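Both complexes shown next keep chain A, but they swap its partner, so chain B is in the first and chain C is in the second.
On to the complex of A and B.
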């Protein structure tokens, strides 16, 4: 009777652990680290797609200086992105929190249908962009007709042709798409708030608002912070929805940074310049990601 | 200071009955314990007094006011929760001060009152800490301080000691007893621990299946149980319950042994209840019935003998210095003054 298996060569634990994480490290290195480094290199070159050799033609900080000092379009997209991020984060968080309070166990709307909520989140942002574009079409758009009937002065408005309304539609589409996921996250957060603390506050004499303000909200704060940071990261990066919905227009009224980078890099062929703007965008991302990681991987989460 | 009156109080969730048409008059300044196994409706009853649960029918009165429609915050009760219910994001000081803050007590008044409450439960040096930095017993004391910092009409305590370890529980029990004497406020206390009920209560309401089985002083429920459930639930070890019949004034076991004189009418089916304390142990032949020892347990301050004849086993308490072996034969005699007879069907007490 021979042994059915061959004894594997002994791998010491301290080597094995590196072997086990190696595939993940390789994937991240190839798909995230290397493109980042390559983009950083390109950002210091002339980097024009239509000019051979320009990808190795170094310019120093010229691209960055140009973007910050000489490009009103860059600053336009910075402001668009900032406003877009602030408004979508604020609206999504507030609405998701309100919905979560209603839908959480013990809330007023608790029912079996909350799983349906996830549907909008299951839609791709590009699809959301397309569908909102159709719904706001001046001729056969559903929302266009709806808002027109509801608020008569808006009947003849061409939503996506007006800079402010187009921006509002972009925000509406984004908030609509993100509320479900954040609601689910917040419901989870609400469930983890101990019921006894809420009941204790009621008996101590707090009314509904004070129970929420003094007891629920502080205990929900860590989850809420994660929600805000995550949503900020996603809002800052918004591209596909804008691309399908307004393509940055009218003019540059809804041109976010991602869209600006895409246009300069792909449409105008200024890869070097686009890379420098992309790296400028990395700066706030790093802060947010760091804050997120700090919250999520916090060591002392003991109760 | 107020009495609490429950009138025909019922709580149902669909077909599940939590509390079944119960009435109870809790006197002013009384310490009343709701005692029963889990699921008996004791916590539900308390939560209806607090306003955390809405009665299906019936009335809750606190003082001279019917409070059914009042929110918990308007009932002027204080509650201590099983898991303490402390606010984890607030310091101990803020935890204790919270009931005062939401009631708009001025800042100048809050500090001395919080410190006074903290002194009563010996927590003064912990006021700056967070709840998670405290031990279970200390957290429980914070919950107590939060309850006594204002003078509510009623204290409600929901198994406040059951999350503590055995040693601490005995300590905190004495502290609670001391505190309740000092405060003299109407208190409703829920527990499944009969020792807590016996030691703390002025009166105990023993509950089962949503119904109060007996309401009485600890003495009453221990020495004069109203039915078989109360008899079996109160006391440790539990009262021996032996099936048999009454013939010629004697209790006869199912196996045909004449166990002890009980008096009373002929009855072919009764249950005899006798506490381990009321069984005298003597040498073989000297007592009423010779039995074999099935198990001998020495707890240090007393001994317990589980004895057997036929298929019947009962437990008797022996003296601290009694030493026996498994398999030894002893004789037992039951104290005829402390025997209880029950109807095996309904469980109700048969009184002669």
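On to the complex of A and C.
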């Protein structure tokens, strides 16, 4: 350390600044941009994994047309993903907001619980899938026993064998895994609502609900926007839990788009077709990412 | 008087709700912890009291499960991914933070956007390429692909930390005649070290928990822990006590790491949109 090191040649700042970002740009280009472009190319080919040469055999938009016009399974996964995204975003946001309001005031109990919130979030989504399969096992699952006691018709049913119940379990696993993180984000937002504004509203005689609706919620709006967009993106991409929990089943009742792409690409070896569906999936992502980037940069400029 | 009593009732309800929420949050985790110490027989009953055994933790490391190899793979892959990503990200983050670059906004947005690309679209071309050049089922291949998910987080997170370091110290050092590179080495890096370490831990957790890449790109030699979970689906059903023991091995180290960097988790995940 220290003296022994050779004085490096002085590089002018306006060259150095590009040298510093160059490796990162290369890594991002190779690991993220190239696959996107290559997947786009593959989406226009016959693209069978077991047929050499078919990855260079072009057939125009046929894969896209096939997916949209001839594949009920594609539309099934679109609807599953849409319902899944809508329900998980709505439920997680509402429940996380409630929990954040409960926990934001601080104190020993509340800070302790805030600390624990990190645990489900550090858990691998695959493991969350496993643990929910465990919890809903009809013979010895704890949640199964609980719901069975609460709603007798649900006692000892095979949750994961029923299309609607399996979907419900997937939603529950997702909501369980994401509430803690969103709660932490929203607590951050709640803490930054100025105290004086709240107190002024209370002095004006507004009740709790009015204060929440007219003061807290508008102040929280930017953070809520971040939460909703971020969660939508992660919900649209969902794969790990589904794979471990139901593997898309029963039948295709819980087959999300990511799972559908995986199945076509890897199980059936139709990588060209899978790539075209993957690109169809990127479209909503572009809108969400655009909205998210706008939020991030507005924040950046405000500082 | 009644107002006071009402308020006390209200706060009691709040505490009750908090406790219920905490219970719901912890039960699935606690259930895994219990099951890991149960015997094969006990796990098939809703028992809260049983004679704990450490046997499962031995079994998962024996043949045919050999969890040790997966543990090794997971450790190497996550560690090397982080060791590659963090220096590269730190350099870029410093430049983004301190200089005005041509196309800076475009670069930053692109880097942000790559985080939102579905993993399944990234893995398809890599599968084809790795098959052609013989990188399927290797740790090297997995590390390359893992960089895709880790880099955006690392760059944005470290940029956030460097943004927070006041410029004056740097300017003072520059006036003293050190070169920019020396100054980064001697002033910026030590000051940003806690932030860089935090980003490193954050990325380690992400790489450790990564599932889809490992599922598609490995099948035997380079299998990581989350994929290893699938081993415990036997013909007679899931081996829950072993799954749980493996589950603990996967999640316990991450719990400890996550608690270390708890304060920065939100900032990291939202790429600085919320601090």
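Criterion: the second predicted complex is superposed on the first by the 284 of 303 C-alpha atoms of A that agree within 3 Å, B and C clash if a C-alpha of one lies under 4 Å from a C-alpha of the other, contacts with A are read in each partner's own complex, and residues count from 1 in each chain.
Note that in this section a contact is a pair of C-beta atoms (placed from the backbone, for glycine too) under 8 Å apart; a residue touches a chain by one contact, two chains touch by 3 or more.
This is a predicted model, so every value here is computed, not measured.
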Open item on the list: Taking the superposition on A as described, I'd like to know which of chain B and chain C A:84 touches: first, second, both or neither.
Closed with: neither
Open item on the list: Quick check for you: in the superposed arrangement, does A:74 touch first (chain B), second (chain C), both or neither?
Closed with: neither
Task: When both partners are placed on the shared chain, which of chain B and chain C touches more of chain A - done: C
- [ ] Considering only touches as defined above, state whether A:202 meets chain B (first), chain C (second), both or neither.
- [x] first
TODO: Check the residue A:17 against both partner chains and state whether it touches chain B (first), chain C (second), both, or neither.
DONE: second
Task: Set of chain A residues, in rising order, touched by both chain B and chain C - done: 303
Task: Footprint of chain A on chain C - complex, ascending - done: 14-15, 17-18, 21-22, 24-29, 31-32, 35, 43-46, 85, 88-89, 91-92, 94-96, 98-99, 101, 105, 107, 109-114, 116-129, 144-145, 147-148, 151-152, 155, 163, 179-182, 205, 208-209, 211-212, 215-216, 225-227, 229-230, 238, 240, 243-244, 247, 250-251, 254-255, 257-259, 262, 265-266, 269-275
Open item on the list: Considering only the defined contacts, which chain A positions touch chain C in the complex?
Closed with: 7-8, 10-11, 13, 16-18, 20-21, 23-25, 27-28, 30-36, 38-39, 42, 49, 55, 99, 102-103, 109-110, 113, 115-128, 130-135, 137, 139-140, 142, 145, 176, 179-181, 184-185, 188-189, 223, 226, 230, 233, 236-237, 239-240, 243-244, 258, 261-262, 265-266, 271, 274-275, 278-279, 281-282, 285, 288-289, 292-293, 295-297, 299-300, 303
Open item on the list: Per the contact definition, I'd like the list of chain B residues that touch chain A in the complex.
Closed with: 50-52, 71-73, 75, 77-79, 81-90, 98-99, 102-103, 132, 146, 156
- [ ] Provide the residue numbers of chain A that touch chain B in the complex, in ascending order.
- [x] 194, 196-197, 199-207, 210, 214-215, 218-219, 221, 302-303
